[in-house]
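Each of the next two complexes has chain A plus one other chain: chain B in the first, chain C in the second.
After this line comes the complex of A and B, so read on.
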C-alpha cells in the first residue's frame, strides 16, 4: 500500500478542524470557547488552502541555479493566500477576544445565552 | 483622467495613507488629527467623484493594473461607468455621514482611521476584479466595521457587535474557502477569467465553491431568515454608523455580488426567490416593530433585497437597456433616503415608533422626514419611483405576475410602517422645556440630511428625465407647491389668494386635454378653485395647507391630461400624497390619514400592476393607444377596476372614506369629496373605454353596475345611521359615487352621459353641503346632529343653500339631480336591467330620507341650547352661492353640459353603439324634461302644502322631527359592520403572520450562526439541482 499523499492528509485535517470549529461554536455556551471554535475554523481553512496548492513531487517554488524546465513546483499562490488569510484571521480573533472582555465586564458572564437584549 | 488629474487609485492612497498617518498626527495634536482626517476623507471623495464624472461622460473605463503587470499575473481594478457611479455615490455618502458621525468619532484616532479604512474597503469591493482580493476588501470592510461597532457602549450594543462578528465570520470563511476552491477547480482568481471559464454549478468542487461564495455574499446582505444579527446592529449602533452599514457597506456588498452574477446565470431564479422571501419577510416583520432603528433596519434589508430582485430579474430577462436606470435608481434612492432617515432619526433622538416628536411644530424637519419617507416608499418625485415603475413594467412584459404581487405587497407594508411612524412623529411630544433645549439640533445634525434631501431631489429630476416624465405636467404642481412653501411666513388669507392665483395661472400652462378629460378638466378646476376659496374662512397661518392644495388641484389637471401611464400614475400619486398630508394636518385626523394613505396606495399599486399588464399586452404605454387597441386582459382590467373602485369608496373598500372625510378640516373634506373623488371616476371611464370592444364588455358592465348600486344602497343606509353631519355626508358621498359607478357600468352612450352629468352634479352638491355644515359647525361648535336644530332663523342663507343642494341631490324636480336620475333610469330600462332600476328606486327613497333628516335636524325644530350666533362667514357662503348658481344653470339649461358631454363621448364609441345613426336631438327626445318637470312641480307644491299644514300644528312638529332624526332604517342586527370586521381581521391576520416571521430572530448568537450555516447548506443543496441550460 502506498502512503497517502501529504495533501490528502492535510485536507482531511483541515476539513476536520473546520467541522470541529463549527461544532464548538454551536455547542459551547461560553463565548471564549466559541472564539476558539472560530480560530479552529481559521486554522483549518489555512491548512486546506495550502493543501490545495500541493503538487505531488513538487519542490518549493524558488528559482535558483538548479531549476530546470522539468522542475515541478507546488503552487506558490496558495501559500500567499494562506498567509493573508492567517493575518486576517488573527486580527479578527483579537477583536473578538476584545469583545469577549467587554461583554464579561458588562455582564459578569461569558454565557452567550445572556446576550439577547435585541431580538425579533 | 480628469482635468484635475485625480485618479481612482487615489482612493486607496488616501485611505491607507490616512490610516497610517492618523496615529502619528494624533501624537502631534488633535487639530492635526482632525485636519488629517478631513484631508484624507476629502481626497478619497474627490478621487472617486471627479474621475467618475469623466468616466460617465466619456463612457470610457479606467483599467487599473498593479505591480506593473497585466492580469492574471497581477490584481487589477476596474473603474467603468458602473463602478464609477456606485463608488462615487457611496464615497460621497460616506463623507456626508462622517459629518453626522463627527461628534462621536473625533475624540480618538482609532474610529477616524477605521472609518477611512471601511470606506476604502467598500471602494475595493466595488472596483477589484480579483476574487481573492474581493475577500480581502470584504475583510477590510468587516474589520473596520467591527472596530467602529465598539463605539456602541450599551449592553445591547456590545452584544449586537459580537453577534455581528460571529455571523460575518461565517460568511467570510465561506467566501475564502470558496475562492480558493474555485482557484483549484479553474486555475483562476481573476473574475473575468473565471466568468470565461464558466465553472458548472453541478461539478463537485467548482459547484461547492460557487455555492460557498454565493452564500457568503448573500449572508452578508442579511437575508431572511439568516439576518437577525444585522438587525441587532442597526438597532444599537450609533445612527450614522448604522446608516453607513445600511447604505455604504451594502453598496459594496451588492456590487460585489453583482459582478459575480455571470457565474450564476443559471441560478438567477433561485436568487430571485430568496430575495423575494427576504423582501416580503422584512417588510412584514417591520409592521410589528416598535424600535425606530430596528424598523429602519428591516426596511434596509428589504430594500437591498428589492435591489437584488431587480438585478437578478433584469439580468435574467435581458433588459440591458433599462437595467442601469432601474438599478441605479433603486440604489441611489435607498442610499440617500435611508442615510437621511438614520441621521435624522438619530438627531431627533427617536426611539419608539409611537413616540411623538413634535414635528408638526417644526415644519422644516417634518418636511425633511417626509421627503425621506416618501422616497423610501417609492413615491414620486424621487428616483425610486421612476425605477420601480419601470421595473414593474418590465416584469409585466416578462410575464412575472407573482413577482409583481410580491414587490407591491411588500412595498405596501413598508409604506404602512414608515408613514405610521411619520404621522406619529408629527404629534406633540410631552417634554419639559429643559428637555426641549437639550434637543436643540446642531449644524452637524442637520447638514447631512439636508444634503441627502437635495441629492434626492436632483436624483428625482434625473430619473424623471430618463423616464421621459420631466414634463410641465409633472413639474408644475411641485413648483407651485414649492413657491407656496416659500410664502409660508405670509398671513393665511394672502396665501389663500396666492394659491388660487397660482393654480388658476398654472392650469393655463398645463396641456389641455381632449375628449372626456377635456370636460372633467374645467369642471374640476372651477369647482376646486371655488371650494378652495372657502379656505379664507379659516384664520391663522394654516401652515402646510396651501402648498398641498395647489399640488392637489394642479395634479388633478395633470392627471386628466396625462398621455402615458406613467404621467397618469405620477399625477395620481401626487394627488394621493397631497390629500393624505392635507388630512394629516389635523392632529386628530392622523390615524385616519394613515388609513386613507394605505388604502390609496393599495389602490395605486393595483393600478400600476394592472396598467403594466395591459401595456405589456398592447406593446405601448400611451393610454390612448392602449384604449384604441382595447384589452382582453382579464387580470389587468380587474386590477385597474379594483384600484379605481377603492378610491371611489365602493362597498367593502369604503372603510377608509368616512373617517377621513369626517376628521379632515372642513374645506379639505369638501375638496376630497367634491373634486378628488372624481379622479377615480375618470379612471373608471377610461377603463370602460378600454373594455368597450372586448369580450368582457357585458360582464364588466353588469358587475360594475351592481357594485355601484350596492354601494349606493349601503352608503344611504349607513348615512341614515350617522349622528354627525360630516359622517352623514361622507356616506352620502359614497352613496352618490355609487350611482356614478352604476352609470358607467351601463356601458352605453346614455349611461355615460349620465355619469358625467352626475359628476358635475355631485361636485356642486357636495361642495355646498360640506361647506354649509362647516359653517354650522363654526357657529354652533358641534358637528353632532343632536346638538343642532332650529337654525333656519339664525342661518337662513345656509339653510337655503342646503335646501337647493339637497333638492338637487335627492332627484326631486326641478333641479339637476332629477335630470340625472331620470337619465339613469331611462338608461337602465334601455338595457333591460329592471332589477337594477328597482334597486335604484329604493336607493333614491333612502337618499331622500337621509337628506330630509339632515335638513330637519339642522334647520327645523326648536333652536338647540348652544344656539348659533348668526350666519356663516361670507368666505364660506360665497363658494356655496357660486355652486348653487352652477346647479341652477345646469338644471334649467341641461344642454349646456349635455351637448359637449355627448359630443365628447360619441366619437369614442365603436360600431356597437346602439345610438349609432341617431342625432343628438333624437337621444334627447327620450328626455324632454318640460312636461315631466311641470307635473313634478305640481306634486312638490302639493307635498309642501301638506307639510306646511302639519307644521302649523305645533304639537306635530317636535315629535315628527324627533322621529325623523333618530329613527334607524334597519335594526342594527340587520346591518352588521361586515367591512370593518373583515378589514380588522385582515389586519390582525397580517400582524399574526408578522409576529411569526420575526420570532425566528431570538437574539441568540448561536442561533444566528446556525441559521447562517443552514442558509449556506440550503444554497449548496439547491444550486447543483438547477438544470443546466
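After this line comes the complex of A and C, so read on.
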C-alpha cells in the first residue's frame, strides 16, 4: 500500500475543518458557537492554501547552508497568502465577538432565535 | 417543532453538497513536481535582488509589501471599531459581568515573572530574524501580544494605556509609510527595500530595509493586538 501524499492528508484535514465550521454555523443557535465555527473555517482554509502549495519532496522556501541547486522548495506565495488569511480571520473573530457582547448586553441572551427585530 | 426540522434537513443537505464538492476537489488535486514560474522567480530573485534567504519574508515585505500595508490597515480598523462597539451602553438588559477576582492565583502570578521575559525575547528574536529564518513582523508581533495578554491575566487590576499604545501604533504606521516613500524616491518603487545597502546574504544586517520594516511591522502588530485585547477586557 502506498502512503497517502502529504498534500492530500492536509487537504482532507483542511476541508474537514471547513465542513465542521459550516455545520457549527448552520446547526447551532448560540452565537459563540457560531463564532467558533467561523474560526474553524478560517483555520481550515489556511491549511488548504498551504497544502495547495506543496511540491513533491519540497522543503520550506528558506535558503540555508544545506541548500543545493537540486533542492526543491514548496510554493512561497501560498505561505504568504496564509499569513494574510490568518490576519483576516483574526479580524473577523474579533468583530463578531464584539457584536456578540453587544447583543448579549441588549437582549440578555446569545440565542439567535431571540433576535427577531429584523423579521417583524 | 417542524421549522427546526426543516432547518436541520436543509443544513444537512447543504453540508452534504459541500462535502461532495470538497471530495471532488481533493480527488482531482495532483501534487505538482515543480514550481510555477512566478514562485520559481521569487525563489531565484529574493536572495539575488534583496539578499533575503527567507523567500516568504521577501514576498511579504518587498514584492507584496503593499498587501502587508493593507493588512495592518485592516488590523487598525478592527482596533478602532472595537472602541465604539464595546462602549458601555445606556440601558443594557444584561448586567455587566462582574469583574474577576483581583488575585490571579499563585501559579499564574509567579509564572508571569519567569515567562514574560522569555516570551518577550522570543518575540523580539522572531521579529528581528524574520529575514534570515522562519519568522517576521506579524508572527513576532503576535507572540509579543500573547505576552501582553498573559500580563493582563496575571495582573487583573492593571490598566493598559490604550492611548499610549494607539499613539505608538500610529507613529510606527507613519514611519512604515515613510520607509515606503524612501523606497519610491531612492529605489524602484513604493516600499522597495533596496534603498539601503543589500549587505551579504545570510548576515544579520542585510536585505536593505527589510529588517527595519519587519521591526516596524512587529511593533505595530503587537500594539494593535494589545489594544484589541484590552478592549475586550472592558
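Keep this in mind: the second predicted complex is superposed on the first by the 116 of 120 C-alpha atoms of A that agree within 3 Å, B and C clash if a C-alpha of one lies under 4 Å from a C-alpha of the other, contacts with A are read in each partner's own complex, and residues count from 1 in each chain.
In the analysis below, a residue touches a chain if its C-beta (ideal position, glycine included) is under 8 Å from a C-beta of that chain, and two chains touch if they have at least 3 such contacts.
From a predicted model like this one, the values you see are computed outputs, not experimental measurements.
Of the two partner chains, neither chain B nor chain C is touched by A:66. Legend: residue contacts after superposition of the two complexes on their common chain; A:91 is shown touching both chain B and chain C. In the overlay built on the shared chain, the residue A:23 is in contact with chain C alone; chain B does not reach it. Look at A:42: by the touch rule set out above, it reaches chain B but stays clear of chain C.
Look at A:79: by the touch rule set out above, it reaches chain C but stays clear of chain B. In the overlay built on the shared chain, the residue A:104 is in contact with chain C alone; chain B does not reach it.
Judged by the touch definition given at the top, the superposed model places A:116 against chain B, while chain C stays out of reach.
Looking at chain A, you'll find residues 18, 22, 26, 52, 77, 84, 88, 91, 95, 98-99, 102, 106-107 touch chain B in one structure and chain C in the other. Considering their complex, residues 132, 136, 139, 142-143, 146-147, 150, 155-156, 158-163, 165-166, 169, 173, 176-177, 179-181, 183-184, 189, 228, 231-232, 235-236, 285, 288-289, 294, 998-999, 1001-1006, 1009-1010, 1013 of chain B touch chain A. Within the complex formed with chain C, the chain A residues making contact are 5-8, 11-12, 15, 18-19, 22-23, 26-27, 52-56, 60-64, 72-73, 75-77, 79-80, 83-84, 87-88, 90-91, 94-95, 97-99, 101-102, 104-108.
Every residue of chain A that touches chain B in the complex is listed here, in rising order: 18, 22, 25-26, 29, 31, 34, 38, 41-42, 45, 48-49, 52, 77-78, 81, 84-85, 88, 91-92, 95-96, 98-100, 102-103, 106-107, 112-113, 115-120. Interface of chain C with chain A (complex): residues 8, 11, 14-15, 18-19, 22-23, 25-26, 29, 31-36, 38-39, 42-43, 46-47, 53-56, 58-60, 64, 67, 71, 74-75, 77-78, 81-82, 85-86, 89, 92-94, 96, 133-134, 136, 138-139, 201-202, 228, 231-232.
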